[in-house]
Amino acid sequence: VTTPVQVGVIGYGYWGPNLVRNFTASPRTHVVAVADRDEARRRAVAGFHPWIHTTASAEELIADPAIEAIAIATPLFTHHPLAKAALEAGKHVLVEKPLAGSVAECEELTALAAARGLVLMVDHTFVYTGAVRKIREIVASGLLGRILYFDSVRINLGLFQPDFNVVWDLAPHDLSILDHALGLVPRWVQAIGARHYEGQHENLAYLTIGFDDGVLAHVHVNWLAPVKTRLTTIAGTDRMLVYDDANPAERVKLYESGVDMRALEPELAHRMNVQYRTGDVLVPKLDPTEALRRVVDELAMAITERRAPLTDGAAGLRVVRVLEAAQTSIERGGERIAL
Amino acid sequence: VTTPVQVGVIGYGYWGPNLVRNFTASPRTHVVAVADRDEARRRAVAGFHPWIHTTASAEELIADPAIEAIAIATPLFTHHPLAKAALEAGKHVLVEKPLAGSVAECEELTALAAARGLVLMVDHTFVYTGAVRKIREIVASGLLGRILYFDSVRINLGLFQPDFNVVWDLAPHDLSILDHALGLVPRWVQAIGARHYEGQHENLAYLTIGFDDGVLAHVHVNWLAPVKTRLTTIAGTDRMLVYDDANPAERVKLYESGVDMRALEPELAHRMNVQYRTGDVLVPKLDPTEALRRVVDELAMAITERRAPLTDGAAGLRVVRVLEAAQTSIERGGERIAL
Amino acid sequence: VTTPVQVGVIGYGYWGPNLVRNFTASPRTHVVAVADRDEARRRAVAGFHPWIHTTASAEELIADPAIEAIAIATPLFTHHPLAKAALEAGKHVLVEKPLAGSVAECEELTALAAARGLVLMVDHTFVYTGAVRKIREIVASGLLGRILYFDSVRINLGLFQPDFNVVWDLAPHDLSILDHALGLVPRWVQAIGARHYEGQHENLAYLTIGFDDGVLAHVHVNWLAPVKTRLTTIAGTDRMLVYDDANPAERVKLYESGVDMRALEPELAHRMNVQYRTGDVLVPKLDPTEALRRVVDELAMAITERRAPLTDGAAGLRVVRVLEAAQTSIERGGERIAL
Amino acid sequence: VTTPVQVGVIGYGYWGPNLVRNFTASPRTHVVAVADRDEARRRAVAGFHPWIHTTASAEELIADPAIEAIAIATPLFTHHPLAKAALEAGKHVLVEKPLAGSVAECEELTALAAARGLVLMVDHTFVYTGAVRKIREIVASGLLGRILYFDSVRINLGLFQPDFNVVWDLAPHDLSILDHALGLVPRWVQAIGARHYEGQHENLAYLTIGFDDGVLAHVHVNWLAPVKTRLTTIAGTDRMLVYDDANPAERVKLYESGVDMRALEPELAHRMNVQYRTGDVLVPKLDPTEALRRVVDELAMAITERRAPLTDGAAGLRVVRVLEAAQTSIERGGERIAL
């Protein structure tokens, strides 16, 4: 058994408590200290985990020689400066999604981590869920055939964020799933957004992403929808897959359905009544392990084994590259942005 | 009681039998003859309705002096020539959606009908459903407040049409609902489509339509989806509405939910935990009358009362204008097309 | 190709038109005449099927030498006299479910048919659906393991019947599915019913049926429920099956779930946290053929091949035996009635 | 502001941690000590709540003069001895459902509490949910009209309990909802159960409970069902209500549906096609407060205000009376047991 990785956590707002809980539960990690500027939050840490040191100063945490790895769960605009400082202090770093606020920032962080031989990991949590792991397995097995499209709807009545729009808030989930499960290289992005409340960022956006061979991805993100929906469809020539994260009992469904390509041939088209085939539907059992527990274990193992984690800085960069292009497209009225 | 309108029907394929059944059931209309080139279909007419004359010749039907109104349920490319011939022969005309294959064709037909004082009606069937009638009533009552967006998903494993793409096949439904229920004037269209099978038209498309004041409409149409979905959301500042046509027991739901605009003010934003309000949901009872029965009655009444029908040539033109722009946008790689 | 069986249909109310439509569509049968006392219904026959002779007299139909088989779709109290008369006139007989109003009547009919060498068939329509055929196949294959229980809920806002209660109206469906799919011999019945409206029969009832080895079946039938539900669960030691007839897209689901019997052993019980196992869920593709089409074909084939049909008089009798015992139990305040 | 009630908790297994969490969160209560025989559980208390004293001895807790109220979250067979000892030591008592293992035990406890002037409360948690509170409000308002029946299904793949059967495990929820929402006096109980695994208690049971005027309640409880279901229907002459606890977004639905009583009159019965009316469905907004928080606050307020709590010993007794009768009925093969 190896010694647990000594971790410091910056930010104890919405996500920080989940990180601390999982770092604490894992035998591979140990939380030394938590930094948060808010006194009430520091008291909350002390209440639940009295042995964890708390501080208002992220700098103090970063400077602590007892800490090997820093987890950053703070607002987006602080990701880059905090991660940079941590890397420069020789710490391994885990950053909440998205990795940073621009491609340039991501590139600087990945270069810095590489130069120092440190682990830089982004918390693309969904990649570690039983559902997405199963989806990747299905795609990789070839069961879907040639991939045709990816369509995702991630909408609900959600908090308007003061610092960024709905694209930066919600689309990282879909883009990281897309990146991980399909592994295709996006060629262009086109996005349209709407700001429905004065002084606010876009609360609704549609992203379309083009790949080679006519493969399309489309993502609908929305803070102003009456029904919470997390619904992703991946269609291939042989089978189709639906991932409904709002249906815990049947999250992933694999449909043995598709177009009967022979029936599309010209001489048959007018003779055949049905051009498609339907078949069984399979609802595979999923690994119920909490995704965030896998995240913290992956961080620890990457550090221990001196290897890149599954969602490394490059993965974070790939997602931010699409986010940044989508932002540009929205600002230019839906213009197509090449990647 | 007035004499029933004497009707001829051209086309007895998929939709024609429904038209004949409803024309027959209504006391306001009487079917004199049906024209179809296919002999088996003509025999089917004779089997079910032995008193109806059948013919292979649409021209014969149009020339029949006993016929006052012609219903056209044939492939899209024949809508314009058949409707034009019928109007020129002094017949009132009902055309399946979409009205015709281009804006120019629609304009020619509406001008011709106006010049001759004839009824030109398009069969935007959904406009006559209990669900859409209720939605229009709710919107018109002001219950939703200011309209913010319209989002529609109309997807399933559907027949690939040989003559046109999925936009011309499915989007007329959404566009006619949008036109009828909201009554807003579209300013631009942007559309992206994909052809996943060689030699076929687009089987998947995303349309975005811009209106004044940042109001957006988005329509996803798709012939290659594993789960049949007909789901439309209309969001307003005060309430939101979901129309799920695949859920017959609860087709329309009115949500007393929305953003709490006060909570978005800068000085409150960081203090308030929740910026939205939720409330009751109402599932209104809907009129179960078959929509097509209302269509044939509206045709008959418009003829008798010498007035424009609810879905007149102008409505058909408005829908085709968006379809044509979407087609252009798809061909130009998603470019924004002003209307 | 054999000559079609010449059929006469008695009763053209709710179910009769479906029978005539399927007899007409099948090449194995030909409808000669329809008898119904109601003139409007006879006109309806003439409108749709002008070649079919109509008569007000069931006796005339039964006496017609051109008719080989009689289908009876009339109120329950007429099943026995009509079927008896038809059998005595040498006709094969198909009767709507339930076969007759008592065990004695059913026994008389089955004896009569046997004595005359005629086919006596009961229209247990559900037995011929793709769903129930698949369920029987799954049970027969042994996939479920040892059967533990059958639970069925068949409720909706339904018509109060003037001649009999909800048990005789709805439970034949469940009992015929139970009889066909599981093939177990019931040992006792216990039923409780409620009459909520004066002068009406029971509108709500719960039936419990006991089999050997502790296997139980339970059926809830109800004319006064807000949501239409047709939900049957069959649990076995190895797998469990749910048949949701109100969900056309996923009617049958096979769950690889159950109790982990080892975990129930005394010395483990307090140590093991989870005693059950869950696994994949399979939604098998079902044959979409209309069940009633299979019914009429089975009738014709049984006649032609001189064999008993799948749902013969004995099957009808088995169902009526349970219905009659349930009726007695209800009248005796829920007393257990041995079979 | 009053001083918080000083609480001791016995049992830190499944439910105890929830009790402690809510007692801790409420300003009305303060947890002094937790007793549990299991050392690992005591360590868990210390980890989360280091200021709480822990002990292996329930007796020590009961004897502690600093404690005013004892919450008992231990196995059923210990409820009576522990509650009795606590009341005799002058402590107010909150007991997990069901209150005790027999009517006699419940009567002894209620008499003891009355004699000592102490609060005896049973944790019928569901009574404190937003859903059941809304249901009681709807019933009390008379919106449903005269109550006709109550039907509840509470089934899932659940843990087989070593000490009691599924009736004592799950039915207390339904019976406490029934008792609280409808407030009717049960007259008889009839129950049938099945033991599908040797050496185990009943894992499946159907309870029918009779009230005056033909009102029926039926409860299906089951540890061996593939799909988790918590579905309760309450039908009245004017409206019907469905409570689906497995659907968090739409837990309670009020249907403006029912039978059109005029249409049931004999002279109309054969003329009217539809005997029922359907109308709007309302999904009322529910108070999202955690039910257990209301439980602990009700305990504290009842103690402070020297009054009976909402779910007092009498309520606990009413539920146990039905449980005991159901148990007797199961043992006697479904015999009707008068209450």
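Here the chain labels run A, B, C and D in written order, and each chain numbers its own residues starting at 1.
In the analysis below, a contact is a pair of C-beta atoms (placed from the backbone, for glycine too) under 8 Å apart; a residue touches a chain by one contact, two chains touch by 3 or more.
Note that the structure is predicted; figures quoted are calculated from it, not measured.
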{"item": "Which of B-C and A-B has more C-beta contact pairs", "value": "A-B"}
{"item": "Selected pair, out of A-D, A-C or C-D, that shares over half of its residue contact pairs with B-D", "value": "A-C"}
{"item": "Chain centre separation (chain B, chain C; CA means) in Å", "value": "41"}
{"item": "Residues of chain C engaged with two or more neighbouring chains", "value": "227, 253, 278"}
{"item": "In the complex with chain C, residue positions of chain A that touch it", "value": "250, 253, 256, 278-285"}
{"item": "Chain D residues within the chain C interface of the complex", "value": "148-149, 151, 153, 157-160, 162, 190, 192, 194-197, 199-200, 204, 206, 208, 214-216, 218, 220, 222, 224-227, 233, 235, 237, 240-242, 253, 255, 257-259, 261, 264, 266, 269-270, 274-276, 278, 333-334, 336"}
{"item": "Complex interface listing, chain C residues touching chain B", "value": "48, 50, 227-228, 249"}
